[in-house]
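Chains here go by letter, A, B, C, D and E, matching the order in which they are written, and residues are numbered from 1 within each.
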Amino acid sequence: MNEFPILTTILLLPILGALLLSCLPPLAEKAIKVVAAVIMGAVAVLAVYAYGAYDFAVGGMQFTQNIPWIADLGVNYAVGVDGMSLPFLLLTALIGFSAVFASWNLEQRPKEFFVLLLILLAGVTGTFIVRDLFIFLLFYELVVIPIYIMVIIWGSTKRVSKEYAGMKLTIYLLIGSAFMLVGVVALYLNAFPAGARTFSMELLAQAHQLGHLSEEFQIFTFFLLLLGFGSLLSMWPFHSWSPDGYAGAPTAVSMIHAGVLKKIGGYGLIRIGLLVLPLGLKFWAPLIAGLAVVNVLYAAFIALAQKDLKYVVGYSSVSHMGYVLIGIAALNGTGISGAIANMFAHGIMSALFFAMIGYVYEKTHIREMDGLGGLAHQMPRVATGFMLAGMASLGLPGLIGFVPEFTIFVGSFGRYPVCAVLAIAGIVFTALYVLRLLANVLFGPRRPEFDRYRDARGAELVPLFVLGAVLVAFGLFPNLLMQKISSEVSTMLPLLASLQDAPALWGVIWR
Amino acid sequence: MTELLGLARLSAMIREVLTLFLPYPDVVDFIIGLVGIAGIFGVIFTAALVLVYAERKISAFMQVRLGPNRVGPAGMLQSFADMLKLLSKEDIIPCGVDRWMWMLAPVVLFLPAATVYAVFPFDDGAVLADLNIGILFVMAISAQSTLPFLMAGWSSNSKYAVIGGMRTVAQMLSYEIPLVFSVLGIVMLVGSMRLSDIVAAQQNIWFIVLQPVAFVIYVIAATAETNRAPFDLVEGESEIIAGPFTEYSGMRWAFFFLAEYANLLAASAIAATLFLGGWHGPFLPGWLWFFIKVGLMIFLFMWFRWTFPRFRIDQMMSFGWKILLPLALANMVVTGIGIFVYRLWS
Amino acid sequence: MNFSLIVPELLTACLAMFLVVLDLLLPGKETRRSLGYLAVFGLLGILAVLLGQQEASGAFYVNLYTVDGYAVFLKALFLLAVALTLLFSFDLIERLPRYSGEFYALIVFSVLGMMLMASANDLITLIVGMGVMNISFYILVGYHFRDMRSSEAGAKYLILSAASTAVLLYGASLVYGYTGSVQFVKIFQAVDPSPAMLGGMAMLVIGLGFKIAAVPFHMWSPDIYEGAPLPVTALLAMCSKVAAFAVLLRLLIQALPALADGWVAIAALLAVLSMIAGNVIAMNQHNIKRLLAYSSIAQAGYLLCGLVAADQAGVKGILFYSLLYVFANVGAFAVITVVKLHSGSEDMAAFAGLSQKSPFLAVVMTVSLLSMAGIPPMAGFAGKLYLFLAVVERGYLWLALLGFVMSMISVYYYLLVAKVMYWGEPADGRRLEVGSSLKWAAALSLIATLLLGVYPGPLADAAAWAAASLF
Amino acid sequence: MLQDYTLIGVLILIALVVPIGGLVASAMVQTRKPGLEKSLPYECGIDPIGKSWIQFKASYYLYALVFVVFDVETMFLYPWAVQFQQLGLFAFVEMIIFVAILTLGLWYAWKKGALEWK
Amino acid sequence: MIGLEHFLAVGALLFGIGLYGLLSKRNVIALLMSIELMLNAVNINLIAFARFVAPDRPDGQVFAIFNIALAAAEVAVGLALVFRIYRDRAGIDATKLNGMKW
């Protein structure tokens, strides 16, 4: 316990940064941006260090810290990372770092923007590293408010007004979380008898083993959680906030939101849904799989019909989340590993996507595909970023997207063959809309009206390099990622195995 | 001599006689009480007749003229003549009045005027009901006479009456407060609200000496409470005809009149009891002393009437609230301090 | 007699009268802003005195008046709530037709009444405290006498409240008659569930239930809340309700534990009715004050859950929740004040586009409303958790579940307001004028709401300490 | 004690009977000649104009309100005054405070013009 | 002899009358008067109890005195408000107090 509290530092740095920024004069734009960059840089370095320093041999939670927070409720400020949360921590730090640079040219009220950005990042980081459900909830909701404000102030009004987008996003997330709250409180009350109550995720996970949670209770509570996490993960039919929200949000928010925030949903489904309420997940898994297929296909179709770049990527992210869901629903080690990995991969590529769209829009003030074209001539660097993100998105081997998706298919095929096949079919549509996008925006004849726009340069290149490097590196060496994940998933295998005979929705209906 | 002619002795004699016929002491007490009640009504009616005459004579005296002098010797029977006239006058009920209220008003006015007499110590031991809250009873009951004025004024369907009724209420309410506060000093001195105790406490020294300010306040406030000049705005005939009584005539009017004189007598009796030592006095029997003092007070009130010009209503109101009330409060505090100083000193 | 025990009350009374005197001395034309600040800082000073002597506890004047942790906590709550309320309502008070000096004095008097109620340990003190509070509130509710609704609300409040007080008093007289004492403690000793005694207690509870505005004694509150001037509405929603709760808890828990089975069932019924009716009717309101009125009925329902628990945890939940409800209310009403001053209306429509005019205020409003709804990380979540937890421990799981479901329903109408603020287009382009003191109050409530939500520990400890003194 | 009040009750009864008796007696001896002119409300001889139940100036009500407050305070003062000599200095100081508050009220009413005949 | 029950009966009757008036009258003044009746019923109860149940302690009487003071203050404020309403809309019918919907 005497070691350096690395996770707390990661968590506190952005908050300290936010405080520091709020003390700076609002006109010192440069200083504000530099401070934010330095802070997030430090966070990224620490996160990378943590990623590297995690000891597989030992496994489990590491870098832990445990401070009693609200004694009478059994709430502890407990942090720690394991193989499952590490990728998300890294993801957050990298995207956060990139997001600062993606907003480098922001001119409207930069001080407030970066303050909120840092708070947002602190919140997101918090959700991934805390091991206490109560604190998890606090961070979870803490995230919503800065997003809300950032969308309505710095967002852009295109197809829908930014107020509409911000509000829709908030309402969906809040209502989803409201159901989740009920579930969590019910869980808290039922897991342990009075006096021994706790919010600690690990202890709660033992409640199932101890037989404290009845099957009916798990089924009911999991459904409530599914509503919350599902809407965060943009599970159909709770997805519609997502494209609108991305379209309305400023670049950095889109990046963080698509890249990291959504993943809280998937993370929560595994961390709480699977580990704490396994019987519930098992029961609802067929439904999740079914909805996941709808997610994949429906969103891909819609994406095909979109003209606005952000909407294309927005629906694409909804579609990708379908894969994640199907991986979770597979309820085997492979599927779950794939789901986690896919979330990481999608985070990186969608962040890169949004960053690039942000550059294009910032320079040309056009987001419609029809108005763009041939940008590869004028902006080769941006085009490279687009290409990387697009190829990763359609699962090109050698890039980050391939291995996770493949793993998911392998995992889910055994359990839901029809769904898996349908989802694989979805890849075709993905390829279609990604290629259409790339073709429409980047290629084609050189358009002279874009000649006056300069390519991304200087600080703007940071997101491209950082995210692109990860994209390629993790694509070429998937073990960097998969090893961590599977080390953690392997500890879940006994649990998964014990679920084999538990009743599931389909079974109930067939019978 | 004083004992021989005292009312207490009278009641003792009656008791003796009655006990011969009736073996139940309760019933005897009750009958003696009834006799007392009869006495009280006798006093009220006699006083009304006398006072009507006296007022005319005194006003005439003040204005250096004769006053009533035709009916009976020196006009002494004038009051009886008036009474007969009023008795036989036609009872007109004006159209548009609120009938019940209008008819009830004179009756209701007479009630409190008569009831207060129950607690007056006319003589040593001659009290109809020697209540331990005597003075509070007096204050409470006499305050009730506000209501019939308002009833009469309001129900008469006449502008003068309405204005008169409103004025009465305003005036009587305003002077009620200093009146009540002025008596507090005496209660503090005596440590009892029983009127006989208060009288007994004045054996050696009258409270007019110890509470001169209270006396002045009381007299002024009582004048206003009885709606007498210079506070007769209620019925000031040059302003609002006769105020609430404008529409009354005959016997009904007579009862207003009767009640007014009963009130005057009561106010004087209270003053005599509280400030002038009640029935205390040398040589003469107590009840005689009492009536002498009451007579003096009545004379004082009548003197006022023919000496001071009538107040304007705003003057009257601000006088009550801004001068009398603070004065009464100050009097109370000073009395308290005085008592403490006296205690320390002795 | 240990007078140091009642120093805060004495100071409050002095402050109120001092305000009256100063108001008379100041020239007539001057705005009474200085008086307002004096009131605020005076109350805060009294709060400091109160907290400084929190160790002092004991009974004053043959048990008529007790000073214990419970009372101190509630008094601190009242002082804080009123100080904050005054802080945000200066501008509004100065727009009242006349007599803004008295407004401050009356509010301070009402605080005095509440403080008396918090400490009341016998029926007489209870009646006196309640009377002082009530009468101040009658005047305050009808204060805006150019506004017909205000005087109408004042009259209605007076009649209904006085009637309920009469019922309460009749009950009190019966209780006194059958126990021979007015002290709560003696009532406890003499308890003998004869029908008359039970009837008396029932009438007492009905009278207090009216003040709490628990269904079915709630009919007055929407109208009164709508008609009263804004700061008064705020105080009615927070303080008068909590003051009545203070008495109810002391009376039932301290004096009548023997009859707990009976009144717990009644409290549970009232809680259910209040939560359901308050939340359901609130969904259909367009006037923001009415909406908050119904919402406060629902809040009374949540608080009643703590009474159902009838143990230390329940009381702690009530105390904790009351305090955070104060902060949420201050935030919400501060924003409503701005909107009212700006547009002259309290309709939901007047909030349209507030986010564009003042993002800060929109955030304050949203956070406050979400705190009332009980969404983390706002304080309301922790509060509801404490309350429902206490209920569950006693085996009323269904009540807690109902409470949570109702909280979720409430999210709907709270978010409607947020929707209007962020979604709607502002009706005009005028700049929003926000006084600096109002900003302070709003910011304070915002910070407190968030802080209590994230780190409720110390306050929960304080509430637990206060609750412990009741048992 | 009770007998005292019984006597007072009898006194009140008689006081009620006396005026009624007077009215009855008067009714027996008087002559009646009703007429419209006679029964018109008095307005200096001309026909009455307008309604007589008119709205009155606020001052009347203000005085009444101030009265209610002050009158009830005396209720606290009288019991105190009776026991004054036994209670000692402490109660006296308390009552001075009470009177001071009362005076404050009076001053307030004064300053605010409630005692002005407007 | 007159005992506690008689006083209580009077109190209850008075309270009932007040309650009836409160529920049936429409004039605000009448409502105030009904409330006064109820409060006076309480006072009768208190004094009777003080006399018969606990004659050694002054609790009941003190209670009653405070009651009276409170009732007076309530009425003073009530009348002021009624006066205000009367001036504003020339009528004090309680059913007309409907500027706001219930």
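By our rule, a contact is a pair of C-beta atoms (placed from the backbone, for glycine too) under 8 Å apart; a residue touches a chain by one contact, two chains touch by 3 or more.
In this text the structure is predicted, and so the values were computed from the model without any measurement.
Participant: Please identify each chain that touches chain D as well as chain E.
Facilitator: Chains touching both chain D and chain E: C.
Participant: With chain D excluded from consideration and all other chains held fixed, what connected components does the contact network retain?
Facilitator: A, C, E | B
Participant: What are the mutual neighbours of chain B and chain C in this structure?
Facilitator: D
Participant: Averaged over CA atoms, how far is the centre of chain A from the centre of chain E? Could you give it in whole Å?
Facilitator: For chain A versus chain E, the centre distance works out to 67 Å.
Participant: Between chain A and chain C, tell me the centre distance in angstrom, where each centre is the average of that chain's C-alpha atoms.
Facilitator: 42
Participant: If you average the CA atoms of chain B and of chain D, how many Å lie between those two points?
Facilitator: Once rounded, the distance between the two centres reads 15 Å.
Participant: Could you please state the distance in Å, as a whole number, between where the Cα atoms of chain C are centred and where those of chain D are centred?
Facilitator: Going by mean C-alpha positions, chain C sits 40 Å from chain D.
Participant: Enumerate the residues of chain D that touch no fewer than two other chains.
Facilitator: In chain D, residues 64, 71 touch at least two other chains, as defined above.
Participant: By the touch rule stated above, which residues of chain B touch at least two different other chains?
Facilitator: Where chain B is concerned, no single residue meets two or more other chains.
Participant: Taking each residue of chain E in turn, which ones touch at least two of the other chains?
Facilitator: 69, 73
Participant: So which chains end up touching which?
Facilitator: Every touching chain pair, ordered by label, is A-C, B-D, C-D, C-E, D-E.
Participant: What does chain D use to touch chain E in their complex?
Facilitator: 58, 61, 64-65, 68-69, 71-73, 75-76, 79
Participant: Hey, which residues of chain D end up touching chain B in the complex?
Facilitator: 3-8, 10-12, 14-16, 18-20, 22-23, 25-27, 29-34, 36, 38-44, 48, 52-54, 56, 59-60, 63-64, 66-67, 70-71, 74, 77-78, 81-86, 89, 92, 95-96, 99, 102-103, 106, 109-110, 115-117
Participant: Tell me, which parts of chain E touch chain C in their complex?
Facilitator: These residues of chain E touch chain C: 8, 11, 15, 18, 22, 28, 31-32, 34-35, 38-39, 41-42, 45-46, 48-49, 53-54, 57, 59-60, 62-63, 66-67, 69-70, 73-74, 77-78, 81-82, 84-85, 88-89, 94, 97, 99-102.
Participant: Would you pull the chain C residues touching chain A in the complex into a rising list?
Facilitator: Counting only chain C, the residues touching chain A are 355-356, 359, 363, 366-367, 370, 373-378, 381-382, 385-386, 388-389, 392-393, 397, 400-401, 404-405, 407-408, 411, 415, 418-419, 422-423, 453-457, 460-461, 464.
Participant: In the complex of these two chains, what residues of chain B are touching chain D?
Facilitator: Within the complex, chain B contacts chain D at residues 26, 29-30, 33-34, 36-37, 40-41, 86-96, 106-107, 110-111, 113-115, 117-118, 128-131, 136, 154, 156-162, 166, 169-170, 173-174, 176-177, 180-181, 184, 187-188, 191-193, 241, 246-247, 250-252, 254-255, 313-314, 317-318, 321-322, 325-326, 329, 332-333, 336, 339-340.
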